[in-house]
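Everything below concerns the one structure shown next.
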Amino acid sequence: MSNTYGTLFRITTFGESHGPAVGVVIDGCPAGLAISIDEIQTALDRRRPGQSDITTPRKEEDKVTILSGIFEGITTGTPIALVVNNKDQHSHDYSHIQHAFRPSHADYTYTAKYGTRDYRGGGRSSARETVARVAAGAVAAKLLQQYGITINGYVSQVGSIKLRKHYSKLDFGKIDSNKVRCPDGTVAAKMIGLIEDARNSLDTIGGVVTCVIQGAPVGLGEPVFDKLHAELGKAMLSINAVKGFEYGSGFEGVKLRGSEHNDEFYTDAQGNVKTRTNHSGGIQGGISNGQDIYFNVAFKPVATILQPQTTINDAGEEVTLQGKGRHDPCVLPRAVPIVDAMAALVLADFILRQKANKV
Amino acid sequence: MSNTYGTLFRITTFGESHGPAVGVVIDGCPAGLAISIDEIQTALDRRRPGQSDITTPRKEEDKVTILSGIFEGITTGTPIALVVNNKDQHSHDYSHIQHAFRPSHADYTYTAKYGTRDYRGGGRSSARETVARVAAGAVAAKLLQQYGITINGYVSQVGSIKLRKHYSKLDFGKIDSNKVRCPDGTVAAKMIGLIEDARNSLDTIGGVVTCVIQGAPVGLGEPVFDKLHAELGKAMLSINAVKGFEYGSGFEGVKLRGSEHNDEFYTDAQGNVKTRTNHSGGIQGGISNGQDIYFNVAFKPVATILQPQTTINDAGEEVTLQGKGRHDPCVLPRAVPIVDAMAALVLADFILRQKANKV
Amino acid sequence: MSNTYGTLFRITTFGESHGPAVGVVIDGCPAGLAISIDEIQTALDRRRPGQSDITTPRKEEDKVTILSGIFEGITTGTPIALVVNNKDQHSHDYSHIQHAFRPSHADYTYTAKYGTRDYRGGGRSSARETVARVAAGAVAAKLLQQYGITINGYVSQVGSIKLRKHYSKLDFGKIDSNKVRCPDGTVAAKMIGLIEDARNSLDTIGGVVTCVIQGAPVGLGEPVFDKLHAELGKAMLSINAVKGFEYGSGFEGVKLRGSEHNDEFYTDAQGNVKTRTNHSGGIQGGISNGQDIYFNVAFKPVATILQPQTTINDAGEEVTLQGKGRHDPCVLPRAVPIVDAMAALVLADFILRQKANKV
Amino acid sequence: MSNTYGTLFRITTFGESHGPAVGVVIDGCPAGLAISIDEIQTALDRRRPGQSDITTPRKEEDKVTILSGIFEGITTGTPIALVVNNKDQHSHDYSHIQHAFRPSHADYTYTAKYGTRDYRGGGRSSARETVARVAAGAVAAKLLQQYGITINGYVSQVGSIKLRKHYSKLDFGKIDSNKVRCPDGTVAAKMIGLIEDARNSLDTIGGVVTCVIQGAPVGLGEPVFDKLHAELGKAMLSINAVKGFEYGSGFEGVKLRGSEHNDEFYTDAQGNVKTRTNHSGGIQGGISNGQDIYFNVAFKPVATILQPQTTINDAGEEVTLQGKGRHDPCVLPRAVPIVDAMAALVLADFILRQKANKV
């Protein structure tokens, strides 16, 4: 198991989907940061189930409690423990999946790895674990605010419906203006239609979150292994259902010639170093160069579908499973705050690490 | 700086492109592994400059020396130090780039981050650092051999030329049969033509390496943060020039419905658990499921081009630069052994970590 | 801050003395270990305040709750979160110490380091933090039980009263037979008398805990930095009030000649490798050699005394402070379970790490 | 194995006593530090064998080479690799110890742990490994110089001969004025006599190094686990032959009452916070308080003696061994630079970590 992430701004998460609680301990948040429980709750509310008719209709309040590390509204430099109790953790019937391995879920691999598993709703492998990440991310985002750094994730693709506008043409203020979290209303409407279609077919659909980080200072990232994009990549790939990560020109960029792809430097009127293009995605040699950082994260279609599927049980026998209960037909809208949170955690860690690089 | 990678099988690399040497210390390689210097040298020879007319014509022998950790041909459990001396490190003239920031290189970001930089040929940000990774990867690969794990990377795309065959239709024995390291001769010929065209235009071109890991046992990977694909992603993204990583169905998979994407389990005639499809890329919940693991790694076009480019110097003034010397028109052929090495290092680490998971 | 300890069996603790709760997340405990909440509670009860008239008369129940990681009485390999709520955290008046720096406490250093502090009863620097260690140690001790390893700490010195018997002459079953936790009744009586005398003088007194680990297999410890005794030393020195650590012959051993100090090997009748003497304390080259491991831990007298003391406040002005409330005149009796817990955590970590050392 | 030490200022050491070389990679040294090879060599010369007639008469030059990380005399923020070649590594005959387990050496434990060992002169378990620590310590000490921190270790005890003067009465400038490195000439003469007596008896003798750190700012140390004294303790205990560590009042302090032991704060004429006594050894709550930091380190007598000893071989049979060659009758004089180096490494790491603690 590895449930700790970060070098200096470190989080340790715990909790199963149907255990008593999920939570996080943040170790290394600098002292002197003002943060209220409302700021953390607001971030959790963006991730909360039941927020619209294209997400799971489960109603969970996800109320956060602060157990330590914040005194009189200010961080003290000691570990910050945040806990969210799970609701109704004993009320469901899991007998249909207790012995079966759901297709494309982690039931089989957890059982093989640990010899046992908490079979109630995915246990530790459930995306409910990301509650802890989002709570911690709110603290990290508050720290980044001191440095003028903003993070804006949005849904840029659902199935084959793709937002083709460059991010600079978008109004990030509109990300939360619709239930799919795509800041372009026209494309958002098509995405919503597609998700509804998937839901009505008792099916699910995948998509892409694009994330833009602005205001980051030059110098973040720690080569040769902890390059800024390598850590962003790992952080994103550690989120449930993620299948790919690319930054800057990404997979499309491989088709270009060097002469097309290179970003020329220039000095602007204010004397700032800039690049004319930004195929580099704001990162060169693994270190932020002061331009916008942007990247894409691919999410597969949700594995739980409300159709019968053939699979096997832990005795190796073929069985038929049918998803029950209330599930997301598409994780993308609720994935946005999770991507934002992980990006904030990566940046906060590098902000702290960067302090140690010069005499 | 962060020059250590891995939790139990750990490597620490050092060295600048034009300093006296590059090298690696491997800490945590289990005792009792038989390994010869020739096995390490063979891996380095696949990465060596000057191996064909579509790579850099620089001639470097890259002879490895073992300083510690291997006694009478057997690892002793103590740190293994491997060093490769650099050739002619004082022979070149770097005055043209001493004060200039080459476009899409790390000159600017290193200078901003550290306040200073070794300007000779990229210094620490040079891909020469990967010599150390390949040497360490050869030791990791030898360990994996004890577990029946094989790793086969190959060039699957150069520019827009894409090998469309599924990996199961390829003969991995043919990867090294041509100079571009694409196991399909017809596609390889087209790729080589494209690279030659780029080279003749004094330009460069990007591409994709696909890597297939076979024989991995069920259970590798440490959720929730050190998921198998999250570590593979970080390891790949930490390689110079990499812009993206996807595994299994990757970015294309987002277009599918859950009912299409889910991999049904079945029990084969020998009683083994298998999946009928493998959109999961051999990884579920961040843990290997016993099926083939496969992923793609995108490499941008090489930033050094032999054409004049406009940029700025460290005084912020506009200057014109022109690449000199002998550079790769396309890194893909030489990237294959580097991808293989990083994959081996990730797997070796998880093999060791997995030992601690059950009572 | 650094609130995580261990490499593979890792604990992260949180909580202030007068915040809502203290707790711990254990990451890396192997799956399949049977453990009940009663076993954890029993360990906490040995540390609990108010257990005798020579410890603090504060009454705290210290009831532990399991939030995750144990399902149907068995560890699942996922993080185990244990929480103990603090009682009456709002009921006290701390105005007398809000601005004063208590002598030989951490008030001044925390304020200087973090620019702020939770002034209620020591906050994070309070020994209440060790509740978390003892809870985690109970899980580690259960793991060690699978390997036949036992740990027995006892009070071997209070002030100048020293138990001079070698540990092999003691009955560890009697450690808890008296309130000072010294297994020799006669010496225990003297120690109790001395503690009562200190208490009656409104003063405090220090002492030494000796700890004996038996049944450890040969091979635990990871040179050259994580030597077994180096980690035991760090773990013990990280406990509040500890001033020194020695193992085997310790500080007295420096007076011996090599010919007196060396431990000769022999093979016993059962064919086991043994040493005739054990000045090495069961550890050679940082690795357990199969003999008993034993060490001493020095605890200073408790800093809170019920007498007036001169000190300064955060404005640098001289003030007079007088300890209030219910404090331990001597921490030694309650230190025993904490030493045991930390020893168990160190051993459990090395048991897991040792699995990765051979092919 | 664990051959890396430190969190932000990290060293990784490698090398066996009779392999080609020993060395160290320093990762995380800030950029912009001026350091010359002579400064590193000077530190190594204090540790060098053959420096006087009370140390081993082996002649080794221990010439250091810089492979990376320092460019034009300035650290670049990239890993600093330092290598010292071993002399005559093939010239000796080890057949007498190839199969025997020397008493109180690590031959038996290494063989049991790893299943194999480099039997030439102790291999990795030899104190020759400390060459790497001393080289790295010189770089750390140069960093500390920027912060006004000085470290002075000296021999305070050999056998039963103890320097009873408080360190404040000593002239640290005289530490290197005699061959035993005790700054009091009269006591030094007695110590030298005792070592000569041990040597003439074909025996060895132990002792204590006291170390004083001055000029450290308030705030170093990272509770609750990485307390300043806990890391100092681990660092010292990781040195070959160390059996104990105590700081401030140490083991003697346990005899005191709290009213005697507490260090009262006051404000001096310059407005600085000070303590009237310093039983705390400059550390409270695991954090430096601005007063002098001091501690003692106990070293056992050298295990290699030139007398016959009974032991067993790897077949379990009794054999008689007699030390050959040139060995130290007492490690204390040469231990001083090693203690200094480890102290410098611990302080350098905390200086960097402290930068991340406030917003």
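The letters A, B, C and D name the chains in turn, as written, and every chain counts its residues from 1.
Keep in mind that, in the parts below, contacts are C-beta pairs under 8 Å (C-beta built on N, C-alpha and C of every residue); 3 or more make two chains touch, one makes a residue touch a chain.
Values in this document were obtained by computation on a predicted structure and should not be read as measured data.
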Greatest separation from subunit C - chain, by CA centre: B
Comparison of B-D and C-D (more C-beta pairs in contact): C-D
Chain pair among B-D, A-D or B-C whose interface repeats that of A-C, sharing over half of the contact pairs by residue number: B-D
Subunit B and subunit C, separation of their C-alpha mean positions in angstrom: 46
Inter-chain centre distance, subunit C versus subunit D - centres from mean C-alpha coordinates, in Å: 26
Subunit B-subunit D separation of Cα centroids, rounded to whole Å: 39
For subunit B, residues that touch 2 or more chains besides their own: 1-4, 13, 28, 31-32, 77, 110, 113-115, 124, 357-358
For the subunit C and subunit D complex, residues of the former touching the latter: 1-5, 7, 13, 101, 103-106, 108-110, 112-115, 124-125, 129, 157, 159-160, 198, 201, 203-208, 218-219, 221-227, 229-231, 233-235, 237-238, 243-251, 253-267, 271, 273, 275, 279-281, 284-290, 296, 298-305, 307, 309-312, 316-318, 354, 357-358
Subunit B residues touching subunit D - in the complex, by the definition given at the top: 1-4, 10, 12-16, 19-23, 25, 27-28, 31-32, 65-69, 71, 74, 76-81, 83, 110, 113-118, 123-124
Interface residues, subunit D side, partner subunit A - complex: 8, 28, 30-33, 77, 143, 146, 352-353, 355-359
